[in-house]
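You will see chain A twice below: alongside chain B first, and alongside chain C after that.
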Partner chain A sequence: MAAPMSSVAKPSAERSPFNTTSFQKKTRSKLISIPGTRPSVQNGQLLVSTGVTSLDYLLGGGLAVGTVLLIEEDRYDSYSRMILKYFLAEGVVCRHELFVAAAQDNPDDILQELPAPILDDVAIHKPVEQPRLSCEAQNSLDAMKIAWRYQNLPKVQSALASSSRFGHYYDVSKTMEPEIRQAAKCHRFYPTEHPTQSSPTHSTMPESYSALLKSLQEVIHREGFDVAAPMSKSRNILRIGLHSLGSALWGDDLCCHDNPRNGHALTTFLYGLRALLRSSLSVAVVTVPSHLIQDRALMGSVTRLCDNAIALESFKGSERETNPLYKDYHGLLHVRQVPHLNCLASKLPDHKDLAFKLKRKQFSIERMHLPPDLSETVSRVSRGELAGAVMVASGCGSGTSGNKHLDF
Partner chain B sequence: MYTELNSILNTSPDSFTQGEFVLLSDRKSDASFLIHHFLSLYLRARCKVWFLGLVQSFNHYSAISQRLGVSLVQAKEKGQLVFLEGLNESLSVLIPQETDTRSQAMGFLSDPAVGLKSLYEFVRSSVTSSGGGEEEADGAEEWGPPVLLVDDISVLLSLGVSVGAVLDFSHYCRATVCSQLQGNVVMLVRCDGEEEEDDGDDEGSERLLKGLTHQCSLTLHVQGLPTGFCRDIHGQVEVCWRRRQGDWQYTQKKLFQYKVHDKGASFFAPGTSSAVL
Partner chain C sequence: MLPELLQGIDAGGFLIIQDSASYSGRHLLKSFINSALDREEAVHVLGFEVSEEELKDGLKGSPIQRLHFHNAYTDPLGWTDHPAFTVHQFCLEELTRLVKQTSHPKPATLVIDSLSWILRHLSPPDVCKTLQQFRKGGAVRAIIGLLHADMHQSGTVGSVCHLATSVITVVPVVKGDKAVAKITKRSKSGKVMQDEEIFSIKDDFTVIVQGKPSQHGPKQADPKEQETDPTANLTFNLRLSDTEREAKEKLALPFVFSKEKKTALLHSGPGSGRILYEPDANDDYDQEDPDDDLDV
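Coming up: the complex of A and B.
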């Protein structure tokens, strides 16, 4: 193995702001400091962690406050639900307020299933952790030298991670202790508990959506998450988790019919949600069962009304589960959209072939690569087929419509 | 304002064609960086600008324009820029409350079937009123021809408005701003999905794009590279002029590749990216 041992070389293009220069930019003093947030390196946006470190990296450091992350659910909604739970658990650990809305099962059930945080060294409500730069510098001193020409090569690392730690890690096999959970303030929305009041003006949205919007606005106003609210008390972040929007239980018929009657309900709701979030200190994760929605154009406009969009495609129940090519992974992850917020150039991920796997202590997103083929019996033909399968599977991207010719 | 795009389009803040309807469109890509170009171009050209920002907040446009060297806040204070923040306005319609007054411009949200008359009324009344009586006592500055910019008109389809109503709206805007007042209109349309899968059932955004392409005089169509994602080239822009010379109308097309930077964008002929040369 020729892996360079020097860890001075940063794994990828995202450079930590701490090692570039000692010059400190005069920070705007009005920038609010809230536990569990940090400003973005690119545009000074306030970021929060999704709870999944590699997803944070993929989204350019974290979720910007005021934006929506859309997760297109995988087929059995197991991994998308997991990410939603990570997102909420991170909020509990950072002492943010939560807003959970679900139609399928009671929001309390989702809250009870939150994974337990692994708090090895940190107390529960420690402010933003210091980047572990000093220990890295120490490591580089006694690093083994192999050959000087490999020294500046980036370290081979398939798991996506940024240099400084931002979120926390969670143990999926255990659930969070009730004491920690109850310390966080949590608002719930369960459509059946909200009696539908007939309002004739809302012909575009089902009752449940407008009730949800209304209840969100109430919480934002009452708890002072408005950006315009007086700065008297300490500010906090509201984390909004909306589970399975667009499914039939929300009173939406997107998934049931080819030509849904209220086809604009979900998009109108998302428009209202964006309007609410842009003017408040809140951040939302929305999961949508996109595989049930036949209309691809509708899914496109849903994506455009969210800021970040990722799609999960799990191997569960498909023949890919047993395919040797995918044996290291649990599914594929497609980045549908990266945010363009307050900046012209958005940070595109370096790689578009991404896969995820769920380990006991970590949900990690990695660059897809072929495992080394150690067996002697494998035939050339099948490898070619496999490689072809990768090409097809990874055919997402901003402009991939085929590889007929080369542009340059 | 991207100087390279200016030289491609043969415009500058000092000289630009009036009465033009510019259509920005994209497919599986993002053309919103172009709207910032036109916003800063017309603000520098001392035009009076009406901006219908339907998809983003004012802060977003302001932060980007700051990087391009134009201050939207100042322009707004001077009265050069009239900004309709669709997101804010929509909340009072979507979540009606007894106390506050409803926004007129976004009134179509409560009943999309009515069409966009309210939005057009907003445009017409504010454009024509300022066009006539701009002689104010305190020496208000004179502004050039009016310009109407719409960021993402296709979001109206997502809000339930029919394609016909949106096309009517754009036609009325064109008649008022371009023809009557010799100003310019710039609209952004975003659509996704493959081109021409089957002609039978055209989906909404596709029909809107066709309809607007028919109306406009200049299109900038942004696409991803057909060969896939690339870090150094973000996509290609097809610029299409429709000019009329005498009785004869001709179209001229040019293709460029582009890359968006932090503070601008560069355009170059296909294959001449600095990454491959």
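Coming up: the complex of A and C.
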């Protein structure tokens, strides 16, 4: 019933513009237009793409400018690092400015590993997202023999995707050409290159965090990413990627002890980061090795301090790797927090069981669903027993209870 | 996977042998030293837990002149006037100096026996930082460290192992002098490989892999299930011959329509009507599921 209803509803919606009404189309002429951004359909926030189309969809269209996306790393940091690279690569393609901070590897190493964009396949992915057209259905009339009346119903989409394109696709097997990469302006922060001033002030933050905040602040002020900055020149977006924040290499003992000495260092830093981002045209992706952090309460407050939070759980090394249920996927994705921006209610993802897989040309997040069980051993025993028991109780089917062992 | 690791770790690699009180990983560590010496690499050992004699005992057969022992066993905390190496010297500059003072054309390997000692006396973030910078610095080809996992909080062990490119966890087997090595290896591209192997170590520190631990559970049950074929001894025929199949396919089943009729039913023409029904609150709706008896 659902499909015909919606197809009928469409023409009526199209007709409505012809009627003269007092309603005016809401225009957003005041919004600054920056390449690689678009306003949100829900609340008009300026959005940028994360570089992963299905993640954009999950986050309500994209990352709002001025917000932080927290990614809880998977155990071996392979997929979280991948998402960070997608985010940065998207910035390079959209000509945004980048700010990369990493303690484990040199930020230059991360930049060199960025995946190559697939720029000419815009049309390829589109037909898949469209519901089936009638001509297509006619060709495949033989596809369904028995339940053929269901043929024209749109296919259930398990991959998350929005109808309009936003963001690009990338080829993981290739790295981005140096010419494209160098066209984007990039700021780097590597803690060992910034010598700690070893000031004996009783700061709650390790020096590397405060140095990072200072460096960020300087870049934002110098390059004119402040919202308050004069609108004279064309504006741009600053994409901030912070890798493995909170790990021991940042000088933080959060991961090492059950009750860390400077347990508030990371939260203090995140408050500072948030304050910086809210007043500037920048957007940040922060990855945190949450599997090492022992204090769950602290992890909770870290999550609260970020606007979006997702957690990746890779199947690598867990018993789920061999589970047939998960054989099509590389891991599970948990949504920990969705942004509440200028509103009380936020758009919640319509589905909570999400899984991801990394293909060569796409990192896709899909709704998890069970495949139909086609094996012959699928049992109706439990139902049969149940029915038998009910029959006996009602006293009208004394003979049926014996039937349950009848088997070929 | 253990033999491949013994044959050499990738440049810039960092291997951790994780052991516990129930099984010591030092024998395996000595095997790694031995194989590195056999490859004519210079090996620098930071020895906190055993003396030089004890370590070199058993390594007699191998060219021992390339083994440089930095003695932190006799005076690890610098209580005497002339300590050879103290735990506080575990920093980037000191380590680089130590490795550089003996010039070898061959790549060097740093062996730390053990990381636990250092982690007890220095703060874990500092240790992690030193290890990472030293690894990236390029002064040595690889770092091999022994870590007693049961001595530290799980977070500390996790943080240190997070930096390692390979982690070997040794667990004893119930009987015999064999042990199980659980190996996790991370390649540069981010791919993770895991393996479990039973191994034993001979007196000359050669490692013999004796296969994988038996997979218990579903794998053993499988062949049994396959043996019993329920369609084997039937009193009636379940299979079709080709002619029978042909005859079966010729038969037109009821309610199977031709292509034209299907198309007509699916795509109603422009003149045809369509029933639209919106459920109403006053509808007399049958609560019972009419398909209740179907098993779908």
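Quick note on the criterion: the second predicted complex is superposed on the first by the 306 of 408 C-alpha atoms of A that agree within 3 Å, B and C clash if a C-alpha of one lies under 4 Å from a C-alpha of the other, contacts with A are read in each partner's own complex, and residues count from 1 in each chain.
Simple rule for what comes next: a residue touches a chain if its C-beta (ideal position, glycine included) is under 8 Å from a C-beta of that chain, and two chains touch if they have at least 3 such contacts.
Bear in mind the structure is a predicted one, so any value in this text is a computation, not a measurement.
Engineer: After lining up the shared chain so the two structures overlap, which partner does A:104 touch, if you call chain B first and chain C second: first, second, both or neither?
Structural biologist: In the superposition, A:104 contacts chain C only.
Engineer: For A:252, is the partner it touches chain B (first), chain C (second), both, or none of the two (neither)?
Structural biologist: The answer is second: A:252 touches chain C but not chain B.
Engineer: For A:330, select first, second, both or neither according to whether it touches chain B, chain C, the two together, or no partner.
Structural biologist: After superposing on A, A:330 lies clear of both chain B and chain C.
Engineer: So, A:214: does it touch chain B (first), chain C (second), both, or neither?
Structural biologist: A:214: touches chain B, not chain C.
Engineer: Contacts for A:316 in the overlay, against chain B (first) and chain C (second): which applies, first, second, both or neither?
Structural biologist: second
Engineer: For chain A, give the residues common to its interface with chain B and its interface with chain C.
Structural biologist: 408
Engineer: Name, in rising order, each residue of chain A that touches chain B in their complex.
Structural biologist: Interface residues on the chain A side: 43, 199, 201-205, 210, 213-214, 217, 264, 267-268, 271-272, 274-276, 278-279, 296-297, 300-301, 304-305, 340-346, 348, 350, 352, 397-408.
Engineer: Mind pulling up the chain A residues that touch chain C in the complex?
Structural biologist: Its residues touching chain C are 1, 4-5, 8, 76-78, 81-82, 103-104, 106, 134, 137-138, 141, 145, 148-149, 151-152, 192, 247-253, 255-258, 289, 291-294, 316-317, 380, 383, 408.
Engineer: Would you pull the chain C residues touching chain A in the complex into a rising list?
Structural biologist: 123-126, 128-129, 132-133, 136, 153-156, 158-160, 162-163, 184, 186, 190-192, 194, 230, 256, 259, 262-263, 265-267, 274, 276-277, 295
Engineer: How about chain B: which of its residues touch chain A in the complex?
Structural biologist: The contact residues of chain B facing chain A are 28-30, 32-33, 36, 55-57, 59-60, 63-64, 67, 87-88, 90-91, 94-96, 109-112, 154-155, 157-160, 190-194, 203-205, 223-229, 231, 233-235, 257, 260-265, 270-271, 273, 276.
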